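In what follows, a single structure is set out as structure tokens and then discussed.
Going by the order they are written in, the chains are A, B, C and D; count residues from 1 in each one.
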Amino acid sequence: MRRELPLAICFIMGIIMTVQFFIPHRHSQWLFDNMLKWLIIVLTFAMILGIGNLVKLHIQKVQHRRRDWLYSIVALFGISASLITGFGWGIEADSPFMVLFNYVQIPMQATMFSLLAFYIASAAFRTFRARTVEATLLLVAAVIVMLGRVPLEGIVGRWLPDLAEWILDYPNMAAKRGIMIGIGLGAISTALKIILGIERSWLGGGD
Amino acid sequence: MKKLTGIFIALSLAAAATAAAPEEPSLPVAARDGPNDAGGAVEIFWLASPLEKEEGFKGYEVQRRAEGEEVFATIAEIPPGEVVHQDQEAEDGVPYEYRVRVLTSEGAPVVLGVSKATASGQWFNTARTNALVGVVFTSFVIIFFIFRARGGAELFVRKIAGLDAVDDAIGRATEMGKPILFVSGLADASEISTIAAMTILGKVARKTAEYETPLIVPCYDPIVMMVEKEIVRQAYTEMGKPDAFDEDSVFFVTQSQFGYVAAVDGIMLREKPATNFYMGAFFAESLILAETGAETGAIQIAGTDRVTQLPFFITACDYTLMGEELYAATAYLGRDPLFLGSLKGQDWAKAVIMLALVVGTIFLIISTDLGIWFAKLFETSAS
Amino acid sequence: MHISTDIWIWIAAILTLCIYSFLYKDNPFYKFAEHLLVGVSAGYFFVIYFWNLVVPNLLTPLKNGFGTLFSGGGFTGDLAALVPGILGLIILTRLIPKIAWMSRWAIGFYFGAFQGLTITGYMQAYILAQIYGTFMKGNNPVFSVALIGSFFSDPGWGKILLAVSGPLMILGVICTLTYFFFSKEHKGFVGGVAKIGIVFLMIGFGASFGYTVMARVSLLIGRLQFLLRDWLGVIS
Amino acid sequence: MNFYEKFLHIDRRYIFIFVALRVIIPLVWPLGLAVTTSPPVENVYNAVEELAPGTPVLVSVDYDPSTQPELSPMTIAVLRHCFARDLPVIITVLHPGGPGLALEISDRISKEVGAVYGEDYVFLGYKVGSSAVILSIGQDFHVSFPADYFNTPIDEIPLMKKVKNYNDIGLVITMSGSTYPDAWVAFAHERYGQKLAAGVTAVMAADYYPYLQTGQLVGLIGGLKGAAEYEKLINRPDDGLKGMDAQTIVHLFVVLMILLGNIAFLFVQRAKKREAA
């Protein structure tokens, strides 16, 4: 019941969903469409645990006046704001929930994302050094592609963007395909081991 | 090896033979059940009418009537130039008659032809025969070698630098008295890379339990958090230190990509972990994490199967497990024969794929048509 | 200069600056923004999942399904929503230590279903499609004898690139795959081929890195346009 | 530590400042660097030019704020072009994050050129289920869009009275940060023979070139560069060209830093070798 049953469920579901892929029939399609929804619903229930965990941690921090506990109040405030507005007034276009999303969450997320512009520059400077042959190849390919994507026509000829495109289309694609085929095999192998119950670390310990 | 390749090629040939060739209508109008579908669809083809070239040609009209019905109802008007229509509203099992008429600006429509068809759902998608052959073959090879390994066959695995560094990295954190940060990617538990990350976490946690080094595991997904909590607890129990396990070391953050990154960046700057692991699925945030970690001077070991993010980890981290190496980590760190066996199976499958690439190349050299025919064996259908 | 008078624009702008302050160093402003973002976004996804998934796919069908059942209409497909409902409740047993182990049933279901999807999905997208793509570019093969022949009849730089590209692609895939051989030591012939694989990998990584720089800069442009235009109004 | 070594270990915050300045300066004082137009963008422009005045164009805003910096400039340029050519515009949204953006842009541009809602343009809003929506437009707009974004029944909108389905639309342009163009190609073009163009992010552009070869897309606008080209074609410089200045300068700056870093690295290596000898 505690170990065998979950392994059996995992096995059966794995086989069903593998076989389903080859059956275009309506029943099979129905299963596929619903399965994806079901899995996200299961995830939503799990989110109760996740948010519960987050709330618990921050409450503990505040209670025990741990370092930075004041900020935990901010986090708790944020969660409550989302939940109260979201469940209280719904999620229509101009609801308080969406205002919170558009003017608080989106700007901060977009700003975090845009940090990449800085980090890509600092990482390039810090790490693109011709230390070894491999590093030099990486460096040269990166510089060619970067220059190829800048509108420098007239200064250097068409050959630079053409070369950049060629690198992207051929050597780059070849490497990507090689990695992807390996990933495909590795993923299938891992999935098989999980279905067969060989890989069972997800069960955790205990009985 | 030879035998396996033979089987593989024979199966592919069989697959090619059974795959339906696109039908050319021999009659003016031909209707057939939509192939490889869930049912409810009929395809109607027709030969272009000679009237197309004449002035006033407006297109075609597709009509339908079920058995027993008197009149044809128009179901679609087709612009000039197209000679195919898919009726998506056919009822399964009902015999229909389809009629195509030519529309002209003057005069009544001219009947082009009539054809009968009945829609049904199929029980096997022939367009996916190659995938079936692939799945059966790959599974067979992998399971075969797992069984051989169980029989006690000698198994070798090559050096993977990123994994050899794991012990040192944990040792270093212990010496410095600093924690270890483990990020298991920003995907849910359904991703294979997340599962690989969980297994690596299990191995890492055994070491941190042994040395009693603090471990920080912020999670992006609640199910991942549930599972990882159990994995870490189990590792501490197995190492005989259940009391050293801190329940709060594995915690949920948020499912917002950049919200999660903001939090992990904060942890890196405040807790100053000596070692950062980034294992699993990563997206645009990979470089933000790796650059922030580099700034704090941590040793960084990354592993991901996201091809687009590998360049950033390669440049900003000390060690990077690329693609399949991430999955191989479980076998490498645990040296469990069953896992090593599956690794060997993967290698054999790889060898067969390489052989297929060579064969395809030879075919292309012999004749372009032969090469294209061979390549099409691997073509996938989207639907 | 037309500074915005919209309070929400101000809030968004100040939070944007709080996040950027992280580039200098960790500080109270960043900590504030970070915790706010974590809190708001954690709640956000829960609310979105609830309204967009749980309501239409669980609560509504259950209501309809039981409605029909109790009014004598018998069992309908709507009651299939019981599956995720029960699984969801099983997940919650994690909260009760005594029966926490039951949650594994739901996790087994979740993991198993996804593994099935993985096997077939990866076979198609990561193996078959990649083999196909190695040979074919669009509807044409990546190389043909005619293409190579055309180089010899009329040699030129463009032609030679076209002629060697296809074979180079196939060679690259084979060498890269060799690098991923685990059960053979990378010595001798295998080692040599794997080395060439590394060359392809490095060129590929460099190219991808260079290719992405532009897109990242545009993100920064977007944020700065927000600050300079929508908030401060110094640009039009 | 000599100069070169110091340079190699420069505090990265200096780099951050340089990057920020190199974006801000061109935004405030545009440099007007030359941009040459490329065939994929010219083809979109020509497709719009070729339409007879009064032919409706459907612009689908299929992106969200995360790709807005790249895609909004091209959306704006295309809208301006259509209005200038007297082509009525129907705006739809297939991405759940898009309605706010589409509303803001259509509002601003229509005010700028004096376009009248309901006659020169209409905003139908967001509908869930991308492929199904694209398919249903082939039958009739009413199926998916019985009313516009402001809940006015489309039968009461003058522009929509003239439009039933793709047959009445001259060109569809999808602006997308993800795979929506695939759905448009598969359903609007393949099924209904609709003429189609796309605007995508710079990273995605390469994936869509094959569609140009096959003619499934008449043209393609890729990233800020594409937007800048379009602005040049319609002779109305805006965010695309300004952003392009910033992008070009940052690009060159990064390349320069890499080169300088390597030169310094070379000198340091040489000095070390000499010391060792």
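Going forward, a contact is a pair of C-beta atoms (placed from the backbone, for glycine too) under 8 Å apart; a residue touches a chain by one contact, two chains touch by 3 or more.
Keep in mind that what you see is a predicted model, and the values were worked out from it rather than measured.
Seen from the Cα centre of subunit D, the chain whose own Cα centre is farthest off is B. Closest to the protein's overall CA centre, chain by chain, comes C. The two chains most heavily joined by C-beta contacts are A-C. With each centre defined as the average position of its C-alpha atoms, the distance from subunit A to subunit C rounds to 5 Å. Centroids of subunit B and subunit C (each the mean of its C-alpha atoms) stand 12 Å apart.
The distance from the centre of subunit B to the centre of subunit D, each centre being the mean of the chain's C-alpha atoms, comes to 29 Å. Here the spacing of subunit A and subunit B, counted between their Cα centres, is 14 Å.
Residues of subunit D in contact with two or more other chains: 12, 16, 19-20, 23, 202, 225, 247, 250-251, 254.
Those residues of subunit C in touch with two or more other chains are numbered 19, 22-23, 31, 33-34, 37-38, 40-42, 44-45, 91, 94, 107, 110-111, 114, 117-120, 122-123, 125, 127, 131, 134, 170, 173-174, 177, 180, 201, 204-206, 208-209, 211-214, 217, 219-220, 222-223. Each of the following residues of subunit B touches two or more other chains: 128, 131, 135, 138-139, 189-190, 192, 195, 223, 226-227, 252-256, 258-259, 262, 270, 310-312, 314-315, 322-324, 328, 343, 346, 350, 353.
Looking at the complex, you find that subunit D touches subunit C at residues 13, 16, 19-20, 23-24, 27-28, 68-70, 201-203, 210, 213-214, 223-225, 239, 243, 246-247, 250-251, 254.
Against subunit C, the residues of subunit A that register as touching in their complex are 2-3, 5-22, 34-35, 37-52, 54, 68, 71-72, 74-83, 86-87, 90-91, 97, 99-118, 120, 124, 134-135, 137-146, 148-149, 164, 166-185, 187-188, 191-192, 194-195, 202-204, 206-207.
Across the complex, subunit D is touched by residues 23-24, 137-139, 211-215, 217-225, 228, 234-235 of subunit C.
Within the complex formed with subunit C, the subunit B residues making contact are 128, 130-131, 134-135, 138-139, 155-158, 160, 189-190, 192, 195, 223, 226-227, 252-256, 258-260, 262-263, 265-266, 269-270, 308, 310-312, 314-315, 322-325, 328, 331, 343-344, 346-347, 350, 353-354, 356-358, 360-361, 364-365, 368, 371-372, 374-376, 378-380. Across the complex, subunit B is touched by residues 19, 22, 25-26, 30-31, 33-34, 37-38, 40-42, 44-45, 91, 94, 103, 107, 110-111, 114, 117-120, 122-125, 127-129, 131-132, 134-136, 141, 143-146, 167, 170, 173-174, 177-178, 180-186, 201, 204-206, 208-209, 212 of subunit C.
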